[in-house]
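By written order: A, B and C. Residues from 1 in each chain.
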Amino acid sequence: SLPPGALPLCLRPPAWGSAARRPPGPPCRAFSNSRILVELDESSGVATMKFKSPPVNSLSLDFLTEFSISLEKLENNRACRGVIFTSAIPKIFSSGLDITEMCGKSTEHYAEFWRAVQEMWLRLYGSNMVTVAAVNGSSPAGGCLVALSCDYRIMVENPKFTIGLNEAQLGIVAPFWFKDTFVNVVGHRVAERCLQLGSLLPAPEAHRFGLVDELVPEEKLQEKAAAVMAQWLALPDHARQLTKSMMRKAVLDRLVAHREEDIQNFIRFTSKESIQKSLRTYMEMLKKKKS
Amino acid sequence: SLPPGALPLCLRPPAWGSAARRPPGPPCRAFSNSRILVELDESSGVATMKFKSPPVNSLSLDFLTEFSISLEKLENNRACRGVIFTSAIPKIFSSGLDITEMCGKSTEHYAEFWRAVQEMWLRLYGSNMVTVAAVNGSSPAGGCLVALSCDYRIMVENPKFTIGLNEAQLGIVAPFWFKDTFVNVVGHRVAERCLQLGSLLPAPEAHRFGLVDELVPEEKLQEKAAAVMAQWLALPDHARQLTKSMMRKAVLDRLVAHREEDIQNFIRFTSKESIQKSLRTYMEMLKKKKS
Amino acid sequence: SLPPGALPLCLRPPAWGSAARRPPGPPCRAFSNSRILVELDESSGVATMKFKSPPVNSLSLDFLTEFSISLEKLENNRACRGVIFTSAIPKIFSSGLDITEMCGKSTEHYAEFWRAVQEMWLRLYGSNMVTVAAVNGSSPAGGCLVALSCDYRIMVENPKFTIGLNEAQLGIVAPFWFKDTFVNVVGHRVAERCLQLGSLLPAPEAHRFGLVDELVPEEKLQEKAAAVMAQWLALPDHARQLTKSMMRKAVLDRLVAHREEDIQNFIRFTSKESIQKSLRTYMEMLKKKKS
């Protein structure tokens, strides 16, 4: 179900998908896990993946694993044609990559984590299903990537909610495929400026820059997401899927071609003492802020 | 007169250009055919190619052949520096590719037809002349491609007139060079969204998305087209032509490099029973609508 | 300090940097030359390069040489993190390439001149420092390139000041790397249209097309430039520099890979009698206009 360039990935059993890591979740129509609630409405063919990993839906290795497995299940389920992504946690869509996975761990762990980040993006950006982000809270860094990788982005119009690839603010660099995804959405100039500044844009500005497609009041979000989904599902699947693949293939292929190199880069960068130090400082800051 | 990448095409005598297929037309200043009226004003150096192939200026093999021959004649006429494209038929600019050419025919016919579509685009997108689309009616699919391939697009501001690459609505996929041409005009994001949805945009929305450059009242269209043409012709030809080629060469070269492959793709796709069936259904629908 | 692709250039001592060509300038905090005043505020880490080469800051071989040497010195000065470019001459930022360098000279001179133009761009577009253009006057052709190569462009809101790559108006063609830089700022469509028309846009239109990021009243320009610079310098240098390089590397690499070819193209084009004639005519026109 991924575009051609991503296919080799699917033929190998994913190393990260061991059942042991998945704790059992509550029963649900389609299936469910501990961090993501998945509901499939078989009459419309639309699933909802609701992030519920407190406190801030950070993209931990476990979260990413569940995300990819859930998405793969839906992709292989012929009753499912589209997925809406949203958050069950107030004020936050997703806080992005879980920094604890990048701090004080082994290089093997860094490799496993980064492969899971790549896998999430390859499956989402290359999904054959219609994907709609219903962004009901702030969405920095990796959270923004999830939204950027969908076919359509609707955001709650609250200016307190911000979105953006703010990696530069933390002293780190968004990988090339984050950048490619961003450029495909907002164009080269906006991407260059926002990435260098690590901009977190309030919803209205994000809309003006094209980072999100539409703003709605919070109470209208799910209704609007369903309406947009219905509009996209009115098209014949096959033609829409081939068209989507044609638009995204070059960028997907680029990561597939450089995947191991990208992992090694991540390990090399993350293992630097200077980076470790700044990540630890950042985590301390977050902890103090919380308490 | 095509950019470097397209030159090899010109060196071979075009297989589609047999005189036998062209019926004699009424006399006219420059020359004329049965489906396109060509007028050249030698004082200004501006030609007008007026589509008059009832009922809806569909791009049949004959139409495309006339189009390419007419354009080639103008290209080789040193008295001609610019061409305005418009329709002689009310409410429709061009309905796009003629579906009867894609239905129940031999693979040889499909190949000849597709080669003619490619040839039209290579000549138009790569033209050394200034090309202005005066869009005085709806312009779906291939009709939109004609407009997109010009240097400038002026459309009548009537919201009943729509324009767009709506192939996905018919269950078919716009080829990569339609997509490349579209991306060069509206950018990646708008192209991705509109191609997947097969959007036909009313004139005002088409203008807002950058698909057309300017809207005018119907009675001002030809005057405006002449004024825009004069502005572009104020530039020295040679520098303008090299600049145009620099902007478009990569996309033209891409089709030239994959031309046969693209024809085989078209044949393979069109020959599928599922596609034939959906095209037949679509034609039945059009017939019923007409009667 | 240039991105990887540009590095080979730095390893060779620049042929154009002979001290003999640089006349001694007045004393100044950092250093200074005859055509560009360079001031470095060590407390903020911000330098200002003020063009003061009457009558119109044209990019002569001497100017370009001073520009590149000044920029290299700042790049190697750890106390300097950002540069603001502005003009000391009323109403003009820079008039672009000095046409006298392209007229009636030897091919060796054309080669030396063009290499200096390339070097200026490679150093500026690839600079690790934050670069802000404070455009306080008109900025055609090469002057526009200087502004386009910065990280941010602020222009005085006076509609009498124009900016654009207007080469086509003079019968010449902007080289591919001018074009690439332009496309990265305004996108393919605006670039295609403006390059073919050789458009010089009044400041408000330049802002609307994205050619400049912001307009301010003349008296607020330096204050605004300082504020923007402070915003960009709030980011950690290393992450910002890697991000900038990621965005610009492909375009920088392209010139580096084709540098000699580009010089030969320039010589071949400039040496044509037709081009020489039109440049002489243009210079005559400028002289008459002046007197």
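As a convention for this text, contacts are C-beta pairs under 8 Å (C-beta built on N, C-alpha and C of every residue); 3 or more make two chains touch, one makes a residue touch a chain.
Note that the coordinates shown come from a computational prediction; the quantities given were computed from them, not determined experimentally.
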Category of the chain touch graph - line, ring, star, complete, other: complete
Size of the rotation, in steps of 5 degrees, that lays the CA trace of chain A over chain C: 120
For chain B paired with chain C, centre-to-centre distance based on mean C-alpha positions, whole Å: 39
Contacts with 2+ other chains: residues of chain C: 187
List of chain C residues in touch with chain A within their complex: 151-152, 183-187, 210, 213, 231-232, 235-236, 238-240, 242-244, 246-248
In the complex, chain C residues that touch chain B: 167-174, 176, 179, 187-189, 191-193, 195-198
